[in-house]
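Shared chain: chain A. Partners: chain B in the first complex, chain C in the second.
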Partner chain A sequence: MNNYSVIGKDIPRVDGREKATGAAIYTDDIKLPGMLHGKLLRSPVPHARIRSIDVSKARRLPGVKCVITGEDTPKIKYGNWRLFPATQDEYPLAVDKVRFIGDEIAAVAAVDPDTAAEALELIVVDYEELPPVFDVLASVRKNASIIHETSPSNISVDRKIAYGDIKKGFAESDYVREDIFTVHPVSPAYLEPCSSLAQCDQDGRITLWTSTQTPYIVQCLLASTMGMRENDIRVIKPNVGGGFGGKMELRPWEFCAAFMAKLTGKPVKFTLTREEELTTGRRRHPMRLKSKVGFKKDGTLMAKDLHIYLDGGAYNAMGPTATFLCGNFGAMLYRYPNYRFIGQHVYTNKPPASAMRGFGAPQSLFAAESQMNMAAEELGIDPIDLRIKNAMVTGDTIPDVATISSCGFIESLEAVREMSNWKRNRKKNKKGYGIGIGCYSFISGGVFNWFNTQYPFSAAEVKVFSDGTAHLLTMASDIGQGANTVLKQILAEELGLKMEDIRLTAADTAMTPQADLGTWGSRVTLMAGNAIKDAARQIKDVLFGAVSSHFDLNVIFDLECKAGRIQATGKPERGMAFGEAVAMVQKTNRGIPVTAKGYYTPRGKGLVTPAFSFGAQVAEVDVDQETGVVQVKKMYTAHDCGTVINPMAVEGQLEGSIHMGLGYALSEELVMKDGKTLSNTFLDYKLPTAMDMPPGESVSIETYEPEGPMGAKEAGEGLASPTAPAIAEAVYNATGYRCKDLPITPEKILKK
Partner chain B sequence: MKHDIQLMVNGDSYSLAIDPSRTLNQVLREDLNLTGTKLGCGSGDCGACTVIVDGRSVSSCLTLAVEVDGKEILTVEGLAPSGEKLHPIQEAFIEKGAIQCGFCTPGMELSAYHLLSQNPTPSEQEIREGLSGNLCRCTGYNKIVEAISVSADRMNRKPSKRKSR
Partner chain C sequence: MKRSGFDYYAPESISEAVVLLSDLGENTFVMAGGTDLLIRKRHGMIFPDAVVALKKIKGLDRISVGPKKGLVIGATALLADVAAHKGIQNKYPAISDAAKNTANVQIRNMGTVVGNLCNASPSADNAPALLALGATLSIAGPQGDRTLALEDFFLGPGLTALKPAEIVIAATVPPPPANSGAAYVHLSARGKVDCSAVCIGAHIELQGRKVNNARLFVGACAPIPMRTPRAEKTVMRKVFTEKLAEKAGAAASEEALPITDVRATQDYRNSMVAVMTKRALLLAHKRARS
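Presenting the complex of A and B:
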């Protein structure tokens, strides 16, 4: 239908060349004259009151330029949920108490990293140890040790969703089952460790280069914790080596770099080690999920009652959002006439969990999809048929959430059934062979404004020039997922320009238009894309008007931007080059440049998301009967991400998701003992390698999402969810071992 | 006590006086400003710091700079020295979508370079084995494997100088 010239094409990444040649600059690659190197002192105990900190020896060490503790700072708490200040529970450096092994206590800036590390060893901290809690069930007990004095219990966030009448729903069910699932902590394990570099100018203003997904959030929270004005803080995002949710908050080293740059007048850089990342870094929430579902004999879903404890670790971080969302994900795929969700975010004395690809969905959907598979077996219905019977379709409404404006779920289920030869392979009777299914739905960005931004959710500025080029400015953040490529594609298509005609300036809070909430929740393509379309429309209005006037076109004529020209649609002779039209408008306005700003904030879409994506995945496995080792043989995926703007980029997201899902199911785990994370290297924390990655077949189910730019919506984050339940079902199909506590290990399979 | 060493990096010769505890990774990144070589873990597990030393691929984070005194080192910056024409491995990485965040890319390309120098016609399995010391969190590896396979084909046909794509 649409005859696009740039959309839907395998456009290679716009930053491919600089990344392939090693020229791409990441934060730790930047050096400034006189730069100091920072290191953080972290708590060796899980829960303690700080009696005193003696930094005098550290300060005297030659080469040390600055040592700070919480006492030297303004002691202002921060957290991403600005809308609810009570949830903001973190200090940049510990004040009075430490709450997990790794909690940041002090920072040193010195002439080189070795001197800074040596100085850390000279800091003496006197702790009064308090009883720690490591387990959610222990933490919610009445007599449990309280982790935050400001919170009367260790449950920091409570979330309830309820609609229909679950009592009645269960009473009318023919088949009811209840299961408890547990899932483990995993690391985002982005390859680039966090790094931040701050500089302070003569007026006391700060520039911070930092490896972040959310420059605007960092700008605001850095300003508030430093007691400064937002406009006095400039955050620049250089290339970022992956984030996956783990880089979307203000972090202590960002504060310390800025604060110490201000104190010393010298640039200060912090770069974390991999050991710090794995043992103290943000992780995906471990959860305990109790789920009860009821069906009619024919497979009709009647009711669901879901209770989830999220093990939040020592601080809220992005836990409140995960708490909200896992309840939504619990009832997004299927029509539940009666649903109740209670989510409780629980503090424990462990490193804080936060956002990680899927934002509550991988955990919630592992339980939901596993239970769907168990119910299918007991009802004697094929798992795909059972899903189709209850699947959401376009136009369905999720109570108190939104109406689903595009949905290719049933088409996805049919596609994987076909691709995987499901019917034949489910019956295959080969020892160790198994096949299983898992599905997902996901959001295209969030609506609920927990950050309390005072700006639109996304913004874009477009400037066009008489040489036929354009300059796109946006605060949207490419962290490796390819946003810069996709956003340029959207503008190129809108203005009829080539990719190379567009200059892009992104993710610099002082240069790009206010504001953008950053890269998380799969929001960028839809939200920043819509802001760009809004700006492009204004540019086109002006250029079309000028061309229409110049050629004295009948007012009913349509105009188009095509192949570098502005013309009456299909009539190139009644038109002119893009640059000529710009020059004409500029002349008419006596030199004033042709620019426009566009904005997007979701309206009339409820409080969860403007658009939903759907998909299904089938896994084939071979389980070694002797060793219990699971080998994933092949993955089949069908996903509905609306209009595909860049098929190669979407495929890359899909394959990356399978990689992460494979690790989640089988090999990755942050092993904990007494609050300490034992998996401290990539030798112990096992990311799948090229040898482990199975081949795959995939298909995009094209739907048109009316709320998205060119009909596009989320791609690649929701896909982090179906892999684990699909593999778990395939392992059950192969061995009879039903996994209800991730990860699936050979020991568990052999002990079944 | 500083040690005097001579390094030949990407064809350029450097005389340096360095502390014996400094790693090759530190010397490349901090002293020579060759920041294309990354540091992902510091313990030889992720491969992001891979460089070629006298034809062998090594983890520069585990190699002391004094150990490579007098040796020839190739980093990602040396793969396309002219700056104009890229190495076929780099071209294929860009074209096939083998790059996302790009942090593993220099190490991946050098592991691929090493593999193809040892085995110009690797099977898919051999490519996967050759990359098993390099972690990537974004791509799921399949596009990297494809890119290496395509570049191997092109390098083997090189004399006829076919146009890419």
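Presenting the complex of A and C:
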């Protein structure tokens, strides 16, 4: 049945050429006549009440056209969790209080960026400093400084998952261990810093070009914070240079650009600097994870009790989702017959953490996978055997939360075992050499409607033309991950057309069908793909009917779209060119164009996701015994992402994930002192470079996911999780140093 | 502070550059590759009124290796060119290693060895190797030309012995003595392209199996690239062994004055000075023997 012509092929990125040649237009490349440049004044103190702000000198500086503070704005709080308004805790510009170093206080728009920066220095803010808290344990203590009056305990979100009977589970265990893990914050470090440009028309309507993963969310929240109607705001996403979760909320500069464009009547652009991104930008949640697991002597998992403090920083951002998901991932991969999770999202006076590739999984799985490796050692069972013994399989459930509708986990484990020559290399006794394993599971989009959208989760409009082409309109957002390519592939396959026959218009809230929740949680291929399939099915129904009637086909005949034709299956002579069929249908309908809208909303799929991906990864390392420097020699990966729609794109995602996992494990660190982030440039925030990338081997374990388009599920995010625990285990195997507090540094290895 | 704009001059001769620097105000900066200067401006660390760029001066990017004069690296000779220079790789491998390790490809294609010295960062990659090899600097200025030992050049982070309106024209390294070898080794704990957390320049001369002369310098572990005389003394007039190199490393570690910063802690740097000094000596010794 897999007789695809476009799916499963190495189709190059549709935007590859323009990006490689520098022709691609990003938000900061857009220049409008009379455009002003904005800059933000940020708090230099971690926690304070604002007594007063004096902007008079800044306003008088020649070239300055507009200066605003929180007092000038409608003072409406926002946040992505609209379903629970109490979680919406941010103002576009500070009102009364600042809560982290970098909190936005005021904005200036001027004729050029230098003048705007100069004006910031002329703004005088009088702070009444409050005691700050920088760590979760200090923050949850009684009498700790309260960061938001609405959360006197400093815990903003509580989440519990429980099933089975953990007491009984532990009582029946032969071996129980409890560990505390801490994981550090890392920056999404997308190459394109955030940028937004707003224009206000004479009717007061706003157009916002912005570097975002979620145009629809920005549209809605911008409308509510500005006190405007949603339809009076148009959000356009140009090319985006990466997001990794860091660009999925309304952000202050988006508000300020729009608000100041309205005030001045001129277009206003904000582009953040790398320093702003690293010191104040969204980051992956640091967490403190206390995990207790119980096993039978033979390795059978009996129970798990997991408590996680998420260090949310000063605001909730996407923290509620991370709180939910880290508990879900704690229960994934293996069959835990008895499980309890308590997650607490804690405010601290640090830059807010939010979504970042993996969304709670890298942290939770670092702990779970490390603990699995420790348990394997103490139980005297090979780590891969122990995993296979407890591995989830198709049909398994997390009670009340999720059902695993396809699962290639055991196959993945077996594949990496073979690829990496595990059995032999585990016994290898070469100084400094180590080999270790880590695994993952991940979601293919979220089910829980925290945004409280009234629209379907994804939508697609397909228009077909008598010249044999199609136009796909979708609000799905390509942020560099390759969605535009994959979505075109899905439509091309459905309609029997070629990639170049399809025109795509995407991510413009005024032009593309309502709605799409955006790019996060690895939802796009599955959700937008299903919406496209829905639209394509309607188009096919119409074209098939016309062709069937034209050739007087027996009703039992199947029809197909193939090689640019609509025909009786396998009978090209009983069919016609795609464009001819379109023309015929159009004639029958007195000229009305042939179009269809398709939608997808996951239903009856539990609370988490319609589909889970799975995979296993093995790392080989070489550790310099004198310096403690870790060199990752090779990574082996086997993963189940359902049907592979584009192998080359999946390979790219895999390499990018390893790159990110490598940084998470070994080199990336936001060094902080008294609430201030010191690693403020790429000189000191160490992203691995191409020189640091290890070679790798990988294999896709193809399963068929019934809920995914053509059987596909996620491929780009889950893989961010296994790398760190695999490297940590390899380092332990090489040196005896067991990392329970990321990152692994040479110093920690030498001190062991 | 005024952030926008500065006057840009690109003189075509050294004398013209010196006159410009004398005439322009104090807040004037000399630029070779600009890879440090322009970043400092962007970070609001400096607000130049004027910049005098040297890259238009013909011949200033000269690199020459001669039997008598030794190695001359002109002020605008690129890091990439020094790293790739066959003559340097043959006779002064420590210097090409240092240049090759500086920053990344893009910066090596813009930045210069002499600029790296004049920026006077304690972690400058090119300083320890050049110091170990006894480099001198040729300086042009309003009071005429002068020569200064590189060892007397660094005064503190970002501070040098240059007087107002003076420009470093070239760095000169004497021809290596017979039976000598030099090495540059560095350590970044966080990946292959990084600012060094510890870097070592070593030079030794052998007489038979004994060490006749040694010069050892440590970078990134003091306000300036520093010499470690006690470590040098440890190896002097002794038969070179790995054990001896280890002892020298331990001595260097006691002499170094590192701090804790975002790149490494004081403790780690201290122990790495020992390891890296040993490794530099081993490599220098290997080169001296071959």
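Definition applied: the second predicted complex is superposed on the first by the 751 of 752 C-alpha atoms of A that agree within 3 Å, B and C clash if a C-alpha of one lies under 4 Å from a C-alpha of the other, contacts with A are read in each partner's own complex, and residues count from 1 in each chain.
Heads up, the rule we're going with is that contacts are C-beta pairs under 8 Å (C-beta built on N, C-alpha and C of every residue); 3 or more make two chains touch, one makes a residue touch a chain.
Quick caveat: nothing in here was measured; it's all calculated off a predicted structure.
Colleague: Per the contact definition in the header, classify A:659: touching chain B only (first), chain C only (second), both, or neither.
Modeller: first
Colleague: Once chain A of both complexes is superposed, is A:736 in touch with chain B (first), chain C (second), both, or neither?
Modeller: In the superposition, A:736 touches no partner, neither chain B nor chain C.
Colleague: I want to verify the contact counts: of chain B and chain C, which reaches more residues of chain A?
Modeller: Between chain B and chain C, the winner on chain A residue contacts is B.
Colleague: For A:683, using the defined touch cut-off, is the partner it touches chain B, chain C, both, or neither? Pick first, second, both or neither.
Modeller: Once the two structures are laid over each other on A, A:683 reaches both partners.
Colleague: After superposition on the shared chain, which partner residues are touched by A:691: those of chain B (first), chain C (second), both, or neither?
Modeller: After superposing on A, A:691 lies in contact with both chain B and chain C.
Colleague: For A:34, using the defined touch cut-off, is the partner it touches chain B, chain C, both, or neither? Pick first, second, both or neither.
Modeller: Neither partner.
Colleague: Please work out whether A:115 is in contact with chain B alone, chain C alone, both, or neither, and reply first, second, both or neither.
Modeller: In the superposition, A:115 touches chain C alone.
Colleague: Which partner does A:74 contact after superposing on A: first (chain B), second (chain C), both, neither?
Modeller: A:74: touches no partner chain.
Colleague: Check chain A for residues that touch chain B in one structure and chain C in the other, and list them.
Modeller: 275, 683, 689, 691
Colleague: Can you list the chain B residues touching chain A in their complex?
Modeller: 29-30, 33-43, 45-46, 48, 75-77, 79-80, 83, 86, 90-91, 93-97, 99-106, 109, 127-129, 131-132, 134-145
Colleague: Help me check something: in the complex, which residues belonging to chain A touch chain C?
Modeller: 112, 114-115, 117-118, 121, 275, 626-629, 666-667, 671, 678-679, 683-684, 686, 688-689, 691-692, 745-747, 750
Colleague: Name, in rising order, each residue of chain A that touches chain B in their complex.
Modeller: Its residues touching chain B are 10, 12-13, 15-17, 19-26, 28-29, 31, 188-193, 239-242, 244, 273-275, 479-482, 648-649, 651-652, 654-660, 681-683, 687, 689-691, 693, 695-696.
Colleague: If we count contacts the way the header does, which residues on chain C are in touch with chain A in the complex?
Modeller: That would be residues 1-5, 43, 104, 187, 189-195, 262-265, 267-268, 271-272, 275-276 of chain C.
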